[in-house]
Amino acid sequence: MNSTILNITARYLSPVIFLLSLIVLYRGHNYPGGGFIGGLLAVSACLLVVLARGWEVTESKWWPDSITLLVTGLAVTAVSGILGVLAGEAFLTGLWLPALDVPLLGKVKLGTPLLFDLGVYLAVMGFSLKCASALGQEDWS
Amino acid sequence: MNLIIAVLIGLLFASGLFCILRRSLMKLVVGIILLSQGANLLVFSAGGLVNDKPAFATADTLLPPAGHADPLPQALVLTAIVIGFGLVVFSLSLLLRAHAATGTDDINAFDQTDRLS
Amino acid sequence: MILTILASFLLISGSLFGLIAAIGILRMPDLYCRMHAATKAGAFGTSLMVVGLILIMPELRVFIQGLLIIIFFYLTAPVAAHMIGRANLLREKGEADSSET
Amino acid sequence: MIWLLATILVPFASALACLLTSKRPHLNRILGVSGAMLLLASSILLLMTVLKSDFVIMQGGSWAAPFGITMIADMFSALMVLITGIVAAAVSVYSLQDIDDGLVRRHYFALFHFLLMGVNGAFLTGDLFNLYVWFEVMLIASFVLITLEGKHDQLEGGVKYLVINLVSSILFLSGVGLLYGKIGTLNMADIAARLAESPDALLLKSSAMLLLVAFAIKSAMFPFFFWLPASYHTPRLAIAALFAGLLTKVGVYALIRSYTLFFSTHFGEIQDILIVLAAATMITGVLGAAAQYDIKKILSFHIISQIGYMVMGLAIGSVLALAGAIFYILHHIVVKTNLFLIAGLIVRHRGSSDLKRIGGLYRMAPYLSLLFIVPAFSLGGIPPLSGFWAKFTVIKAGLDGGHYLLVGAALAVGILTLYSMTKIWAEAFWKEAPEDLKETSPQLIRASSVIPCVVLAAITVTLGIYSAPLFELAFTASEQLLNPEAYIEVVLNQAQHHESIAFNN
Amino acid sequence: MLIVLIMAVLASGTALATTGKRWQHGWQCFLVPAPAAVSFLLVTFAAMPEVIRQGSIAYTAKWIPQLDVELALRLNGLGLLLLILVTGIGALILLYAVGYMKGHPQATRLFLLLYLFMFSMAGLAIADHMLLFFIFWELTSISSYFLIGFQHKEQSARQNALQALIVTGLGGMALMAGFILIAQVTGTWNLSELPALSGQIQTDALYVPILILVLLGAFTKSAQFPFHFWLPNAMSAPTPVSAYLHSATMVKAGIFLLFLMLPVLGGTGLWTWLLTIAGAITLLTGGAFGLVQHDLKKILAGTTVAVLGLLTLLLGIGTERDVLAALVFLFGHALYKATLFMVAGSVDHETGTRDTRILGGLYRGMPWTAVAATLAAFSKMGLPPFFGFLGKEYTYKASLESEYQWLLTTILIVGNAIILALAFKAAILPFWRKAIHPLPEKLHDVPWSMRLGPILMAGLGIAIGTFPFLIDPLISSAKSAAMGYSVQTEIKLWHGLNLPLILSALTLSAGLCIIVSREWVENMLRNVTIPGPAKVYDILMDGMVRFAIWQTRLLQSGQLRNYLLIIVGVTTALISFKLWRFGGISDLSLRGINSPELVVITVLMAIATLLAVTTQSRLTALIALGLVGFGVAWIFAYFSAPDLAITQILVETLTVVLFAWVVYKLPQLRTLSSRRTIITDAVVSGAAGILITILVLKSQTLQLGSSISKTLSEWSLPEAYGANVVNVILVDFRAIDTWGEVCVVTIAAIGVWALASGNGNSKDRKSK
Amino acid sequence: MKASRLITRILYTLEFTGFYLFEVVASNLRVARDVLLPAGRMNPGFVRVNVEGMSERQLLALANLITMTPGTLSLDIIDGKELLVHSLYVEDALKDAKDLEETFKERICRVF
Amino acid sequence: MFSEIPQLPEAVILICRIILGIALFLSGWRLFIGPSLGDRIVALELVAALMMSNFILQVLSSGFISYLDIALALAVISFLGTVAFARYMENRRQLP
């Protein structure tokens, strides 16, 4: 039986948490955070929705498929490593773009380590969603 | 400070070990969790404990503050926490499945595979 | 100086409200009453401390994050209390049902 | 460097590809097998590179050596990676029949490749904590594989396997932590270099012991082997073969690596313990096998007893002994994998691996008899198969070092090994099939199940008759291990090189 | 190259044998034995002259230089003798086998194994490198294993095969160790170089172990007391196999080894004592065994054992005379014993029994076989002018010159008399006495392929006996090789009326006495039979299996708790021992406490931990664990690890959330253990915990050198563009770790999903 | 027109915020008193508030407000019509419900 | 990254810590004694709030603002935990 209050709260809160997770992901290189923490926050957002609306919500179209998340995440980590190899350096060598000045965000420095962190973010999300649905949805008998 | 943390780590290890020695399936998970908490704390404290000086580089000196905490064990523990997370969730699932399949929660009943008949 | 005193006052009273919440959940007779104490005083205490922090560390980051924490707290704490209370209600009802049958 | 990376990236990429295609089993199988073949190819290329230049090194992230993670292949690593490639190729082909579509859908091939990735990572890393990580990759993949079907006995065995190996991981982690706290570095070469300067620190000894126990559990040494006989006989035989071949050997690899590289200054203190453990491992393992009446269980216990010989090589510690141990590991991986695969064929023929319930294979499947004889007698140390040379080398090293009791144990265990192998032979092949079995017709066996066994058996015979090239490599590896200065210099000098670049920037 | 050619021909025989089933009719009978015959001819007419002229011919090729192993082959006189026997008798036996196995579904396998065995024996004869010798030695054991177990459907055959393998295998292990030690002492692996180095070996401290190890090898292979018991049991093999393996060749391998080692290890008191005593006991035991048997093959096996004992005894004394006697005896024995085994096989083949109590009057149906048997029996009895007579004469000659002449001579007389009686019993009686039972209706002689061999060899026995000079060059060259120096020998049939001749007569009369009173002797021996080494073997094997079962039950008890208790206990003990040994616990760091709420947190965590351990409620455990996790996060935060603290909080909560979903599907938390168990466990885990505490405290006091993280912190911002050093480590400095970690969680996700989504076959297993 | 509505809305919001803050402080002082002093005057019980016709957002705000104000705690919405409230000082359940409705409902509907 | 550590009497922080310590202990106590699940959840929630207060103090004592990040994360996740437990409490009676 779902609670209306929780439902509304989740509707407002989840996007905020999700946004927060992206911020945490991006800021991770300079502040506490990073792919793992960001990923877990994103999962929290998803789980909040699940808690509010039940597992049916995971069947909707926009719900992320956990295997895809996992594979994408892993692939992104590997790609960020292979880019280093393509540049003639060792695997996972950080390659950086020159710093950009972006309005609102200030100085932005983008590089493969951030890409790597993004991979971690996706994979962690995939992992947690997969586990959550396995534990929460299946009947285990 | 170290003494109290050290005792705590010892306690976590002892309790974890005690739990995995129990026959109740569920205690295994409890034990595994306690043990990995203990191990994480152990690695964390092995690098030395520093209060209130996280390893964040400041913009002016480009260095973390003098006497900052050792970031490396922290990174190791972070990896270990994540790995432990995966392992704990998997262990839990395994126990659930084992419980469902065998219909018992007594590990002593799990002796079909390697007892000499 | 005034700011320091004010901040100190806020910090200490924030902590005190935390303590009150703790005493509350220990002393109150039943779950609902305990929830009164925990939900109100817990959120309040922390918020006071955040305000104290903002006062003594006048930085944008502190302000934004502090505000975020307070808003978040005041948004979620009632919902959490509602969920617990509701669950408890349902549970009591369920127990009553099962004892009837 | 590219091949070193390839031996890890290829299984990784294969795993991802298999993950994505699990709903199409046919495609999944093709990807799984071709991934293994690619892995084999890159491991051969890695070995060739190592032959040319002694070491292949990659500093992860291009960070100078003790600061980033060093991946390095010396001869020992390269050989281990090669044998992994061989096992991978053989088992993947064997899996085509042994693993049904249901298991393929449960991501068998993805797990298979993740496991290989972990194994290769463990062989190639030059960083202690990174070794822990690869161990975990390997372990969790093996946990999943062992329980993949969810059968009763798999779950039972899996629980024991899991708990004991988790304890090992915890000990490993604690050991690494304490070691780091003590000497402030994780790079193995750097640890070695730093320890050489201050050899007698007490805490090192305790972390050395923690790591010893952790690796001893992984390599199923006495008295830490219990998880292995409890679980190895439960999964499908393709999976068991993979485990039997590779997993415990990663533990042995870690033991050898740590006690030749960075604990070499403490070797004297640990030698006695290793000798006792090696002898006890051999004996308890072989006696365990003697007590069993199921092919899979017999083979499982033999893994333990053979681990004893490998550790014996390490414990003796001479060039000859280590070369013998390395040769032993390589030979044993081939043989043991093959025996498990053949056990699978026996089960296919007879529907069981219980010696009391089967028989008559000598008449029924002469090709299988021959196929079994080769690895079985090789395991028993019958000349001129590979096992003989392995055993001979280790025993000779033992006699040269004056370890007479240890050698005595090794010889006696050799005979008992033969006893077990002939037990399987006599009961499964020679003995007449029990009445109730006579009518059962064997299941279809596809060529894809036989070819890997034949190839592995051919390797065993070749390694026996023409073992000189491999011994050449094993001796090179052994000398590299016992003279770690070159290794250390390669790792750390590169460091200085990079450091200068770093500061010039 | 010649040697290699001979080996190659034999190897080609192996290949031919795989098609052997087709070649069983008419002239095709010769196809299978042909390679053996060719190699025999090569040996006799190509190799022998060379060996006699040069002393030896050699061939060396590289093999495994890293282990000092090379393909060193060298054929000297001794090897030549063995090679002639192996190939010559082998060819005849193969011919016999073709007839014997006609129509047998597994004939091919037998031919194959016989060739394999022949190849190994030939290799033994020509190996110069000790390890090569050992390889062939083991190969003979293995091929004999398969041959003994040929009738594999019978349990006894399987058991006997195993017994032979275990006994000879043990000897083999000892031999390998002995060889390694010899190589260690002398620095060479080549057998031909050893006689010159014998002084070095015999003065070395390792001499006694070497001697014992080598003798173990030889004794087990040659069925010397107390390892003789496997040989009679090996008679479960088909007759051609028995004939070949257990008379002519394989058991001679041990004697051959003794010949080889005589100039290396021989000549010492220990050598003499060990060999003569073992030989004498074996001689008498073998004879006694033969006397109580009724099975033709068992009787023959008994005499084989006896003869092997006799040869060992001679080699134990080890002078030139003894060597000569041994060589002659060995050669003669090979010929007549192979004949007699084939005869026994033929009798079995035609009558269906080998029981001497039943057999009689066979000369009528099987005249050719009867003649061969009789000739061979005479040779065996040592009657002149048969080959056997020569052997016996030279034996007496040798023993009369030895130190304990009368004791040894008496033993030899008794032994020879028994052998004589056994020859009578096995080869004369079945043919020439009156038929006891009616013979089969159509008793006829065996096909000629089975006749040719016995007759040829029996005829050779009388030929050589009459014209012994025929073998002079061969025996001389063998003797030279055995002594380690060149000698010329002339073998004569007639030495005049001397003491040995009188002793021969004495032997004959003693033998006749035994024949006459054979029933009484049989009964007497049967009554005094004492449990022998065979019993010991059984007890040992049985004990081994029992011990194995006991040990496995004890260690692999199936109880996870026991496993963990052992692991934890041993680990704790090992580390505590190290700490105590090196005076570890004196300098612990015990710094003060300055944070009140950290104390509270720790105390709470401690209580929560204990609660998690003791509670019976799953939920309480879960919440207690959650509190522990929060506490850890608190500690992380307090000690400057914000990333860790956040991660810990998130992970902890998610774990609890995931748990909460299934908490009621989880098994109950029950206390199942007994009080005593609980106390034991508490003590062990408590000790482990205390140890960990001490280790942690120690880790804080000792620090060597500076940590690499200093550099990491320095590089973090300028080089890796990140202020958060921990994150930079995770995604850049040590990104490979993180990569692996991501793989771990991926795999874990697959695992959890696989465990959750159905259970394949677990349901039908459950009903079991 | 629009601007004036916006301004009124802002004013109402400010008023509401002030009210909310005051209630929060008051409620916490009350809690402090209840916790620290003997609980003689307490009379816990349930009160049902009619919330028919309120939008979801308004419902959320109402529940929140009730919880954060002195002595009351919203527990559940029953069939979308009634808000079940736990109160520490119940004198007359109906009257209390009326009070709550009057104090909060209008303010909330004005702002949200 | 690090701000200047504000000029606050050390005693203030110490007092706060002591108070929070006691509060923590008391809520821990409730956590242990329960008796109902709801009580425990409430206690755990309070522990989380007290932890957040502690992180605020830590900002003051270290000048490291990012401790607030932990507090924020804690706020998010503790809400999730509470909701999960509450859902679990509801469901429990439906399960056998």
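Note that the chains are named A, B, C, D, E, F and G in the order they appear, and that numbering of residues resets to 1 at the start of each chain.
Here, a contact is a pair of C-beta atoms (placed from the backbone, for glycine too) under 8 Å apart; a residue touches a chain by one contact, two chains touch by 3 or more.
Because the structure is a prediction, the values reported are computed rather than measured.
Participant: Quick one: which chains contact chain A and chain G both?
Facilitator: Correct list: B, C, E.
Participant: Report which of A-C and D-E is connected by more C-beta pairs in contact.
Facilitator: Between the chain pairs A-C and D-E, D-E carries more contacts.
Participant: What chain is most central when centres are computed from CA atoms?
Facilitator: Central chain is D.
Participant: Taking each chain's centre as the mean of its C-alpha atoms, which one ends up farthest from the centre of chain G?
Facilitator: E
Participant: So, what's the distance in Å between the C-alpha centres of chain E and chain C?
Facilitator: Inter-chain centre distance comes to 79 Å.
Participant: Using mean CA coordinates as chain centres, what's the chain A-chain F distance in Å?
Facilitator: 38
Participant: Between chain C and chain D, what's the gap in Å when you average each chain's C-alpha atoms?
Facilitator: From the centre of chain C to the centre of chain D is 56 Å.
Participant: At what distance in angstrom does the C-alpha mean of chain G lie from that of chain D?
Facilitator: Centre separation, chain D to chain G: 48 Å.
Participant: Which residues does chain C have that touch at least 2 chains other than itself?
Facilitator: Those would be 21, 23, 35, 43, 75-76, 79, 82-83, 86, 90.
Participant: Touching two or more other chains, which residues of chain A qualify?
Facilitator: 1, 3, 5-6, 9, 30-33, 36-37, 41, 44, 47, 70, 74, 78, 91-92, 94, 124, 127, 131, 134-135, 140-141
Participant: Could you say which residues in chain G touch two or more other chains, in rising order?
Facilitator: 1, 20, 22, 24-25, 58, 62, 64, 66, 69-70, 72-73, 76-77, 79-80, 83-85, 87, 90, 92
Participant: Going by the touch rule stated at the top, which chains touch which?
Facilitator: A-B, A-C, A-D, A-E, A-F, A-G, B-D, B-E, B-G, C-F, C-G, D-E, E-G
Participant: In the complex, go through chain D and note every residue touching chain A.
Facilitator: My answer: residues 1-2, 5, 9, 12-13, 16, 19-20, 58-62, 71.
Participant: Can you list the chain G residues touching chain B in their complex?
Facilitator: For chain G paired with chain B, touching residues are 1-2, 58, 61-62, 64, 66.
Participant: In the complex of these two chains, what residues of chain F are touching chain A?
Facilitator: The touching residues are 56-57, 59-60, 63, 74, 76-77, 80.
Participant: For a test of understanding, state which residues of chain G touch chain A in their complex under the given definition.
Facilitator: 1, 66, 69-70, 72-73, 76-77, 79-80, 83-84, 87, 90
Participant: Touching chain B in the complex: which residues of chain D?
Facilitator: Going through chain D, the ones touching chain B are 129, 133, 136, 140, 143-144, 147, 150-153, 155-160, 162-163, 166-167, 169-170, 173-174, 176-178, 180-182, 186, 226, 229-231, 233-234, 291-292, 297.
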